[in-house]
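A, B, C and D are the chain letters, set down in written order, and residue numbers restart from 1 in every chain.
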Amino acid sequence: MLRAKEIGVEDQLSAAVRRVRKQSETLCEPLAIEDYMLQAMAEASPTKWHLAHTTWFFETFVLKPFAPRYQPFAAEYEYLFNSYYNRVGPQLGRTRRGLLSRPTVAEIYRYREVVDECLLELLAQESHKDRDLIRQRTELGLHHEQQHQELFFTDIKYNLSQNPLSPIYLPLDIPLTSSKVTLQWQSFEGGLQTLGYDGEGFCFDNELPRHQQFIPPFALANRPVTQGEFIAFIADGGYQRPELWLSDGWAAVQSNGWTAPLYWRSDGDNWLLYTLHGLVEPDPLAPVCHISFYEADAYARWTGARLPTEFEWELAARERTIEGHFVNDGIIHPRGACNAADPLHQLFGDVWEWTASAYAPYAGFTPGSEAVDEYNGKFMCNQMVLRGGSCATERDHIRPTYRNFFYPADRWQFSGVRLARSL
Amino acid sequence: MLRAKEIGVEDQLSAAVRRVRKQSETLCEPLAIEDYMLQAMAEASPTKWHLAHTTWFFETFVLKPFAPRYQPFAAEYEYLFNSYYNRVGPQLGRTRRGLLSRPTVAEIYRYREVVDECLLELLAQESHKDRDLIRQRTELGLHHEQQHQELFFTDIKYNLSQNPLSPIYLPLDIPLTSSKVTLQWQSFEGGLQTLGYDGEGFCFDNELPRHQQFIPPFALANRPVTQGEFIAFIADGGYQRPELWLSDGWAAVQSNGWTAPLYWRSDGDNWLLYTLHGLVEPDPLAPVCHISFYEADAYARWTGARLPTEFEWELAARERTIEGHFVNDGIIHPRGACNAADPLHQLFGDVWEWTASAYAPYAGFTPGSEAVDEYNGKFMCNQMVLRGGSCATERDHIRPTYRNFFYPADRWQFSGVRLARSL
Amino acid sequence: MLRAKEIGVEDQLSAAVRRVRKQSETLCEPLAIEDYMLQAMAEASPTKWHLAHTTWFFETFVLKPFAPRYQPFAAEYEYLFNSYYNRVGPQLGRTRRGLLSRPTVAEIYRYREVVDECLLELLAQESHKDRDLIRQRTELGLHHEQQHQELFFTDIKYNLSQNPLSPIYLPLDIPLTSSKVTLQWQSFEGGLQTLGYDGEGFCFDNELPRHQQFIPPFALANRPVTQGEFIAFIADGGYQRPELWLSDGWAAVQSNGWTAPLYWRSDGDNWLLYTLHGLVEPDPLAPVCHISFYEADAYARWTGARLPTEFEWELAARERTIEGHFVNDGIIHPRGACNAADPLHQLFGDVWEWTASAYAPYAGFTPGSEAVDEYNGKFMCNQMVLRGGSCATERDHIRPTYRNFFYPADRWQFSGVRLARSL
Amino acid sequence: MLRAKEIGVEDQLSAAVRRVRKQSETLCEPLAIEDYMLQAMAEASPTKWHLAHTTWFFETFVLKPFAPRYQPFAAEYEYLFNSYYNRVGPQLGRTRRGLLSRPTVAEIYRYREVVDECLLELLAQESHKDRDLIRQRTELGLHHEQQHQELFFTDIKYNLSQNPLSPIYLPLDIPLTSSKVTLQWQSFEGGLQTLGYDGEGFCFDNELPRHQQFIPPFALANRPVTQGEFIAFIADGGYQRPELWLSDGWAAVQSNGWTAPLYWRSDGDNWLLYTLHGLVEPDPLAPVCHISFYEADAYARWTGARLPTEFEWELAARERTIEGHFVNDGIIHPRGACNAADPLHQLFGDVWEWTASAYAPYAGFTPGSEAVDEYNGKFMCNQMVLRGGSCATERDHIRPTYRNFFYPADRWQFSGVRLARSL
């Protein structure tokens, strides 16, 4: 999303601000005002709140500290739209975001307008004594907003799906995958490797520092597990066989009554998948999606394989071109492997790939001590790393070193699985 | 609300349909579209849902059975907007009403328009073979809609109150009560009395049949308990003294952390009351409101008095003129006693008065066996009767025999208390 | 249990103390020490706790106030074994009673021994200035202990039933009912009646004051509903038809998954009933038992009848001899009607009969203001009255005016149903 | 516990069976029968259940498959005392273990006796065709039983602690630590290391396979964090400062109301610690104990240090003598560092040390496919590794490669913390 050429030149950062901020609003165009209010579970924030919170981020971390004459748009927003930054102050409980009918959607758009204007004015001050920090925080804010653009899709999908009318975000024909890619294993020697981000552009703090990992020889599947393969797992009693599951996974299957991935509906004979583009039949050759870590792990055990570690994944990905289906294509649903030259298909895009790695700090990681530094470090417990981006990710937002993370029972992200084996 | 002269003459019923149905929409005028979506607790339905459900009632019980050419506006509405009529079919879970961003508010208004038009057309068919039943069901539907108009106020009040911004439904100055009415006791001989509705107009089935009750001599307070009196109860440790409370009431105090009526907020020194017209200081001479049965009962015990039974209340009320503050005045908040000739002030309007009577069928009560008859009978357990209407009730909707009922812990209605004593 | 001749003469009260207190211990003889610890739900207190709490009652309300030289057996017991008397002080949470492995069972028996000895010594002081009050409190304590003897059975039954081994309290053959009593209706004229206790012996405060009730003509079934009849209700889909149920009852059916009375187990084809004497097949002619008020009410609606009010029941019962199966027979399970001269069978014993009456104070009821007076009044909300005693009640403990009360969803008491009709 | 010389020679294994099995019963000697029943939370199993389950292990995995003439002691025990082995069959829900008053304690001791006898007889069959497997499973069963001996202590401590009487397991004076060990840092070069068990004796499957890890240079504290140091953390507002906590940790602090380690009680001015030997004042020089991973992590952050990874810990521990306080000393409470020659004190014994490592399979780990192989692998998610054993561990049970694991919020184990730093 953030085109390389924009970053680093002043007007390019301003242009990126305009473009990314505009994009958040473009995504909302198909919605009715009523849709902006939905919060069907604690984790699936209302669209309104995403629009306001991303604005709050710039207001709180850029305008308030660095634009002395900036008048806060509304004092209460500091509380209402703070997500989890304890060092900024207390927050509205996450489950209560859907109760904010006021400020209205129109007021939040005005909030965005005012903050954008002030932000651009601040960026134009070439001699500002904190110019570097302002630009750095602004860039972080843009990447933060891109993350919320992906959450916009996952959250509105979940929220709309709870309506018995199965409302469609955007009517669209999703093309079926035409050519089958046979499962093959790509071998890697591994060894003592240095991992983590080493480019010159932006990365999140959790991708650093560069550090060494010893990786034994392994093989990676040439593509993600497909819907057709997952249907075979279900048909083989996958959801009824405790021996395939981690203990906590089996408990989740039973307490939640899982019998298929999220959004899969059965009329007894056939599956229908709820998508942002309407109900569709499964595409047997397209990646399976909306599965938890537990389901990914059980599927792998069923096949005799396992999940890759995040280090294996990064080793395989770091030399590769970023190819796959992204949000930029306008289809917010994973599709089958493209006919690419690279033997490893779809490492990027389509579905986030669950790894076997618990989300933890890299050796030497130390988060900063300012409020804005609560970004990543404090979540490094109880979650699992996913890699590679999805059909709801901006193509320019993803990197080989990018670490996403969710709880092992989470299913509302575009999460899938690629198999690995030890050699 | 349903003026007597309208009922019984054909065009008058149609006029009532127009007027009552229009009134529901007038009440919504101060709302933003976003406000229509709010459901902050299971019991506080979204405004959208009230508008649709009251329409569903006419569609289901009048149009579908009696207008053979009527095409249902949308097949799914039968499920979405059924409240609890099991004989009609299954219902969307009550807690999920706030998840319906679709149909939009605009679509629900169209639904109302279509149903109204068809209903009026049906009412105009003078020779319809089911004409009497159609008119009877229509009349029931109008009273049903008036009940939801009161719920509109209690629900939107609760829903807006959960927003830290304390949004105001309609800005308005609530006049302070100017003259004090000293508490006095009005005596009644009681005896064997025949109670229940015996007029010729409409009443709900739970007001019937007329039946006999023996009532020992008693006295009734000449007005409801005031905010000033309730402040004294709080100041005397009323919420900290278990001996004043029913066992279940004390459990509710502790598990909910009650320290004052609902909507009362303290800054340590002073109380502020959240109202539909903004935050106001208490009016010491106006009735206390938004208290549970448990609080009403504990207050009564604190004074050495008790709550009246619903039969005592009806005996006192049945000969009286209906005077008090109603929704017709445009102020949705209770006010102090008016300077009336009647020694018993405000039996009607201002606040519903909790009685000591559990909601139960009158001797000989038998509900009908059709779906529409699920109206009252099946709720005759675990709830307490309230009498007299409130500031959110239409003046023409209330009667001396009218029985309202809520669970003893409910506080979001305009519920208050009048004391009684045995003689 | 308290034989009339004992009460009123001093040594007779002491004899009653000895006998009733001994009886509590006799009931426990079949138990293993481990059984005394069980508390499988909050309401089903451990046997240990019953033995201690009934002792606490005498210690707290007789010895501490009236025996100045009495040294409390253990200071902590005041807290540990107080059930709900807030005016005595705070209490161990009810759900935590099963966590008291100490004091051991042996220590509680010693506690009983010490308190009994001191109590008998106090009763022997003929010239004690509070002699009347001491005797009155002692008598209350004995009736209180008899209530806990019934709870001993209902609680240990529930607690043992949760063990997959279905342990037997006391092995015993329960005789099958041999002769069928055809359902017949006994008519009563009703009218203005004076109800409540008017004898000279003991009664609880909730049976007073005598007061008038107007009762319309009604008929009462000549016996309780039988297991055979209830099997027909189940077979007719009784638990699947919402139209038969109160709204709260239907919610209870669904959230609890009820498909039969408590302790009924199905192997698909046949029912087995867990009893204190082992698993037995249903006895079609014996009263159905362990049903909630909701099930009683749904059954009545299914037949077109209703539940009697507690006033109808008392009117029918007050002139009758107390006949039926009681704990004194040693079989803790209801049996079929005996071949009695009275056309109304089994008003007493076998099963408590749910009435249509919410538990409420009689007109003029005012509980005292001492701690011991928290006995009944504060529970007069949300519960329904049951009448007549059960197979777990002492024959001498029951009276026509005796009011028992439980929540409408409670099923672990020996609760059944007798039908009524309006005439 | 399993002395090296015993293992490998036949009669030595039988001797170990006798000794370890006897030890489980010796630990119970101070208990009253009532104590065996306690289960105050799902995780804290009753003593009875531990005694039965460890027996079930030998019956299920040794006797049933390999002793063809063995008659199961009681068919239902297969269900009642199975912990979580899904391939054996369904299990009694864990929260229901405390409901098993039957079989009685005496019957469980008989069960132990019968199983022990048959096991010893089987071990004596020198020519049994499955002799190796029998011996291997028996050895596993003994280590399993030793783990439950530690759980016996942690569970009975939790269960007794819930009694307001604070019962004492075994009265004993816990000696205060006399000499202070100043905090110092021991440096390690790290590098590419091979870790995991490589001895010839027993180890659990999760300690294998040997595999390589790259470890950057680090330093380890020379002793665990002390109670005195933790009191300073509390006094500095440690439990009130969200910036010190992981996000999930802060949520745990708030929802559980944590203000100190488990079992710490404050009378406002002073702390008292509930121990198995009675209430004691803190020993400022002894290790802090009964803290969650979250508290360990927050404490480390407060000091500017961090937790060690399990690999750092193993590297430091693997060359060392196993010294510290173990259950063998008879004092089930951690004590201060001994005056040892080794600069690293108490790596073993006293308190389990939380590491920064999520519990995960070592590279190449593959659990077997038999029921007994459900031992470790299926728990490798959501838990954190602890190392080193505690004051409740048998000295001979622990190894440098031993991996214990609990959820990050768990506090009822003897869990403490040792600090680490990156160099």
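Here is the rule we go by: contacts are C-beta pairs under 8 Å (C-beta built on N, C-alpha and C of every residue); 3 or more make two chains touch, one makes a residue touch a chain.
Here the structure is a predicted model, which is why all the values come from computation and not from measurement.
Under the contact definition, chain A and chain B share no contacting chain. With every chain reduced to the mean of its CA atoms, the largest distance from chain B is reached by D.
Taking each chain's centre as the average of its CA atoms, chain B and chain D sit 60 Å apart.
Per-chain Cα centroids separate chain C from chain D by 47 Å. In terms of their C-alpha centroids, the spacing between chain A and chain D amounts to 38 Å. Residue positions of chain A in touch with at least two other chains are not found.
Taken in their complex, chain D has these residues touching chain C: 32-38, 40, 48, 76, 79-80, 92, 96, 98-105, 159-160, 162-165, 167. Of all residues in chain B, those touching chain C in their complex are 84, 86-87, 192, 211-214, 216, 242-243, 245-250, 293-294, 297, 356-358, 360-361, 363-364, 369, 374, 378-382, 408, 422.
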